[in-house]
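Chain naming follows the written order as A, B, C, D, E and F, and within any one chain the residues start at number 1.
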Amino acid sequence: MFFQEPELQYEVTVEEPDPHFAKLLQQAIGGQEGEMRVALQYMFQAWAVPEEYSEYRDLLMQTAAEELGHIEMLATAVTKNLRKAPEELGDEQQGTDPSSAYTGQIPRQILSAGQSAMPVDSDGAPFTGNYIVASGNLAGDLFANVMAEATGRTLATRLYEHTDDPGMKDMLSYLIARDTMHQNQWLEALEALDDPVPVPASFPQEQENQEYNYSFMSTRREDVGDPGMPWTQGDSPDGKGQFSFVPEQPGDGEVIAPPPDPKTYDVPEDVDGQ
Amino acid sequence: MFFQEPELQYEVTVEEPDPHFAKLLQQAIGGQEGEMRVALQYMFQAWAVPEEYSEYRDLLMQTAAEELGHIEMLATAVTKNLRKAPEELGDEQQGTDPSSAYTGQIPRQILSAGQSAMPVDSDGAPFTGNYIVASGNLAGDLFANVMAEATGRTLATRLYEHTDDPGMKDMLSYLIARDTMHQNQWLEALEALDDPVPVPASFPQEQENQEYNYSFMSTRREDVGDPGMPWTQGDSPDGKGQFSFVPEQPGDGEVIAPPPDPKTYDVPEDVDGQ
Amino acid sequence: MFFQEPELQYEVTVEEPDPHFAKLLQQAIGGQEGEMRVALQYMFQAWAVPEEYSEYRDLLMQTAAEELGHIEMLATAVTKNLRKAPEELGDEQQGTDPSSAYTGQIPRQILSAGQSAMPVDSDGAPFTGNYIVASGNLAGDLFANVMAEATGRTLATRLYEHTDDPGMKDMLSYLIARDTMHQNQWLEALEALDDPVPVPASFPQEQENQEYNYSFMSTRREDVGDPGMPWTQGDSPDGKGQFSFVPEQPGDGEVIAPPPDPKTYDVPEDVDGQ
Amino acid sequence: MFFQEPELQYEVTVEEPDPHFAKLLQQAIGGQEGEMRVALQYMFQAWAVPEEYSEYRDLLMQTAAEELGHIEMLATAVTKNLRKAPEELGDEQQGTDPSSAYTGQIPRQILSAGQSAMPVDSDGAPFTGNYIVASGNLAGDLFANVMAEATGRTLATRLYEHTDDPGMKDMLSYLIARDTMHQNQWLEALEALDDPVPVPASFPQEQENQEYNYSFMSTRREDVGDPGMPWTQGDSPDGKGQFSFVPEQPGDGEVIAPPPDPKTYDVPEDVDGQ
Amino acid sequence: MFFQEPELQYEVTVEEPDPHFAKLLQQAIGGQEGEMRVALQYMFQAWAVPEEYSEYRDLLMQTAAEELGHIEMLATAVTKNLRKAPEELGDEQQGTDPSSAYTGQIPRQILSAGQSAMPVDSDGAPFTGNYIVASGNLAGDLFANVMAEATGRTLATRLYEHTDDPGMKDMLSYLIARDTMHQNQWLEALEALDDPVPVPASFPQEQENQEYNYSFMSTRREDVGDPGMPWTQGDSPDGKGQFSFVPEQPGDGEVIAPPPDPKTYDVPEDVDGQ
Amino acid sequence: MFFQEPELQYEVTVEEPDPHFAKLLQQAIGGQEGEMRVALQYMFQAWAVPEEYSEYRDLLMQTAAEELGHIEMLATAVTKNLRKAPEELGDEQQGTDPSSAYTGQIPRQILSAGQSAMPVDSDGAPFTGNYIVASGNLAGDLFANVMAEATGRTLATRLYEHTDDPGMKDMLSYLIARDTMHQNQWLEALEALDDPVPVPASFPQEQENQEYNYSFMSTRREDVGDPGMPWTQGDSPDGKGQFSFVPEQPGDGEVIAPPPDPKTYDVPEDVDGQ
């Protein structure tokens, strides 16, 4: 169950409205690395967690609620950067054509949303549920979360480099800090599990093929020999095997599609006697 | 540069063709956890790697080539499960209506593809570039790869539980083994980097907000106190901070959208004097 | 800023788990008429509202928070309907093939999510930002909200007809009631605006074409005469015009694409002298 | 059944071709508020209308045919704005780089379509069936149509503000007028129904929860008291209830996902004794 | 400019309503091979045709109008197959669970559309502008149209095999015939062009690489010799070259991504001295 | 089974890095006409080919492997064009705002990918499996391939016109040449089939409607008479019919949707006695 208060989680100010930056900020709202992804991902993961892992459900839901507030901060940042008369911008930067005021912007921020934030990324592609990873397996989900915060923090640092506005720098400095915390909390949560890898750890590993489960398989045309890398020799990180080097793919088995049902009309021409 | 040979990477046999299983296998081809994702993800990551990390580029590209072969194995498995006369299936399982032969199947495997594999998932949703994570940051990408192999292996084990066919069990046993290896190789590759977290590690961390970068922030309505979890106390996994507990969100700042340009016609009614 | 408590907004119970119904419920989570749409739509609309309409922003945000709780209720309903051993279901309803246990289900609820809810609709298509309408114009947005609650309530009544489970009936009876309230609140909010139509009312209406702005234009092949319908005669609902009937489209103007730049290679063949 | 004539519905002229405006016009073709949406939406709605409402089917189909002509007008406007030598444009506005001629444009209008209109929006995102609302319930559909024309007219007025070309202003003045008419006709059609709300009105309303069907539910952290708004007090617009204020969400019921089937491998680690 | 009459292009009757077939028919409405694709594709192509090819524009637009009527016929076929009491169907085929009546169907045909046709394919994936090919080059477009009618006719023949209903067989027999005509008309239109290949024929062919423009390039690991196929020897179909066999890819050039800007934080860790 | 070598298929050099061109190149990677489409399309087609057409499977797979190498070349071209300090570009072309450095670019190439290539098109829309045509019918597939290479070559020639860089011109000259070859090889492969049209040729043509299978059907409002075009008179290209002209559509049959099930709540209001 959710509650909300008409206050931002952290102050958002803009000294010099910059419509170009409003475009870039969209990536952090509706993009692959954005806050809509993490807020919804953590919720769907939480709703799958059974009773015995309730402290994880709690951790996921509390963080989800925080991320909702980040979407709100970024949406506020977008309207504050956009709501400057476009005429003025046109005069300054792009000439006098009224249509060219949008040069290099996301036109839909004006045309579809009246100078507001949208559930799209910085290229104008809509947010999609495809970004959300919630596998039902807690260890897999936690790795997904580390990845989400890693790519999210990378995005935030890149945004940080593309603004000089003190308000925007301060907001991003806060969001980068939260990504640091979240990256660390998901790593810690992984460590708190016993032996989470290889995910899913509950699958009886003796049922997997025992010849190829810890060997690096070269796909070079010819045998180039073991390069002696950490992933071709030594103990595997899951502590359950020894890396080895295999010079080529097993290569057993023919690529033969069986004949299709004649009623699919796959046969290209009308062959007598078929 | 790529080469191919008309042989499968590993033998694929089907004793009892099962069109229902052909539907489930689609998830491992064109789905969020599927082989198209990893093959393409590893390629795009590799093409971004600069010279100084060339052994990583190599690792990524070689694995990408292997994954292409997995798509091929699964596509072969789909045609072998589908290409059995639908009439026969209809008689056995669903009655005599010719249209009901598709009950519970992906109709497009027959209607669009003539009993063949497609670049879609088990719900018939098309493969999308949105599944691919290639951030330019190697550590972030490696976490994405651990996640990809973790969710991919989870999918393969679930498929393993839903077939009794010895050929399909053997193929999946091989694919599960390769996912074990790949999960381990990406974890090993992460360990071979110095201090990869918090990603991106090259961002000067003193520029992030220092008050909230290692604190768990409660989003409960009232202060419930530090629950004493591993993520509210103790050293952080990146070795750069100490976890703490913050009972509520900072909550500074008003949600005030500035007035829009009148030319956006955001103002709902015709107000005199505006 | 958002908060959450580990309690559902309204109790959710399932007496007889029904995986088929878990499939149908997905429509109310991630579908075009679902709760993800309204929760996010109300947020994005709210973030665009300027200060002078702050009571509307408040109305939008409070309702958004309520809708987040509905997603949670429905996700809980899905796990409760799904988490019954598929073997058992297979035995009862579909035969003994382990793969056929998914007949008529969304395979990804099992394969991708381990018997959990997903951000997809009942056909397995992912939630998309394309469902969200937030135009910046408050009157237009309120009509979008009436529509959203109208189609949402229609969906909920159809779901109500497809379950006999008392717990599911009770949950849906609650959700239908909330849709009744929300439909009414958005209609009331529209009435509280002065002259909201034609949207956007702030556009100077004398700039629109005055010949065709209140006339019904027939697209029949021949003049069939004024049918005397409420939309071809009498006062228009916006109180600003009189309906009339026009027997055919103006039809002025040629469809002539100018010649393209030769460098686009649009000209199909290599014509001498061009 | 459809017919067409090689004439535009209304004349389209362009005095000063402007490739930037050609980008913005795409929103009115393939965008969320565009003409492809309404043309197809009205068709699909019409095809669902049963005999007893045949005058509505007629209204929907005739309007659909008109909207097809609007797509044609806009596509003509796009080619007329685009088909100006890009070199010339480059010289004027963007410098001498041949690639920079596309700055701020939709590159696919040139690269994919040879200076022509496309079924995409002004951000280049493809038209999608997700924009179409056709619920089977006539009242719900009519609200969807009011919304469609409201957001469509808002888009057209914003486009009107971003061109100085007399031909484009005239075309948009016509399209705005038609949106005025269509908004009014759908409102009139709603009024011609008896008691259409709450949609669907044919659902027996006594089956919905009677405690929460006309009450505004606060989602604030604490009881802030009835704000005395039109939607917390007084008669509801559907004439079937009285608004009231509820200070908090019912909050009954635990968020407990049942334990998953072990064969989904949701349990993160290999626990002895399971 | 478009017109419509309230009559179908060709009669559509259904003797035995079959909801399963209503699912399959969706592929011919909103699918990759469906009528929405061709109707819209021919329109967008037509709007790009310059004056000198006006007989082609005419051919495209007239066929587009016909295809709109095919969507209408198929939508009518869907409602006629769906609108049979689901209870009855449940009794007959799937048991007594009200939710299982949808087994193997597209639930959204009922839940979202009230037993009507939708702009989606037979897997429930939405129609998308991505299916539409309109390149601006007439020859390329005509090949796209041959392909569209070829895959469309293949779909129609597969549908024909999956119904026993005389009305449906008659409708499909008509649609298959029209696809025969359309395939032939596009082939004829291609022949009416002088030398359309290689598309685009207006590109000065001497500017393409002259070493590799008519040679089959083997991608086998080793030189397997010229297989003597029609595409490795003899005249090329465009009459402008001679096929030859090249045993391996040129293989020149290193895959070296230049070092990224440090501000992208691509470098995974904090390296001293950078 | 696939192999790879760390060498490009053909050398890729860039003399003057041009981030604008990096945007345009994306169309050739992840766009509708791009190399991801053809590489994957040829693979899926190949996996459906039965034994008797194994030389076609071979042709398809070898070409697929070549196309994978083209994606790699283009991705390399993108990083070489992008990895120039954006500050420098900003100074030269767009002013001093750090955010405006992206004007006219795809922001995600920097924000999401750290100055690298992405699986998206030049508008930033993600690659999708919807672009892939693999019908199971070999003749239909070969027409799809001719179309793919025709639109692909058209794209490449347009890109060629928008760069002055000698390295880029050389790379594109090579890719255009390969498209020439591939267009020709698919046409040749079609000729090598006996009587491939009308696709699917194996459908017994006497089952299609014999009245309308070779007649051009006018959709004009009135009978305009046979225009005497090659597609209204004479032999059809498939050699199986004679073109004729039909002045109007058959027009038989009413558009009557049957009454829906009352439980769908399609009836808009609560009508007494229903």
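One rule holds in what follows: a residue touches a chain if its C-beta (ideal position, glycine included) is under 8 Å from a C-beta of that chain, and two chains touch if they have at least 3 such contacts.
A quick note: this is a predicted structure, and the numbers were derived from the prediction, not measured.
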| item | value |
| --- | --- |
| Graph distance between subunit C and subunit F, where chains that touch are linked | 1 |
| Taking each chain's C-alpha mean as its centre, the one farthest from subunit B | D |
| Separation of subunit B from subunit E, taking each centre as the mean of its C-alpha atoms, in whole Å | 28 |
| Separation of mean Cα positions, subunit B and subunit A [Å, integer] | 9 |
| Distance between chain centroids, defined by C-alpha means - subunit A, subunit E (Å) | 31 |
| Where subunit C touches two or more other chains, by residue | 1-9, 32-33, 47-48, 57-58, 62, 65-66, 69, 72, 76, 79, 103-104, 110, 112, 114-116, 120, 123-126, 128, 130, 135-137, 139, 151, 154, 157-158, 161, 199-200, 203, 219-221, 249, 251, 255-260, 263-266 |
| Touch list for subunit A against partner subunit E, complex | 154, 157-158, 161, 221, 263-265 |
| Complex contacts: residues of subunit F adjacent to subunit A | 1-5, 46-53, 57, 94-95, 97-108, 110-112, 114, 120, 123-126, 136-139, 193-196, 199-203 |
| In the complex with subunit F, residue positions of subunit E that touch it | 3, 5-13, 32-33, 55, 58-59, 62-63, 65-66, 69, 72-73, 76, 79-80, 83, 85-86, 110, 114-116, 128, 130-131, 133, 135-137, 139-140, 143-144, 146-147, 149-151, 153-154, 157, 160, 173-174, 176-181, 183-185, 187-189, 191-192, 197-200, 203, 205, 207-221, 227, 229-231, 236-238, 241, 243, 249-261, 263-266 |
| Contact footprint of subunit D on subunit E as seen in their complex | 1-9, 30, 36, 40, 43-44, 47-48, 57-58, 61-62, 64-66, 68-69, 71-72, 75-76, 79, 112-120, 126-130, 132, 134-137 |
| Sites on subunit D touched by subunit A in the complex | 18, 20-21, 23-24, 27, 31-33, 93, 103-104, 121-125, 151, 154-155, 158-159, 161-164, 219-221, 249, 251, 255-260, 262, 264-271, 274 |
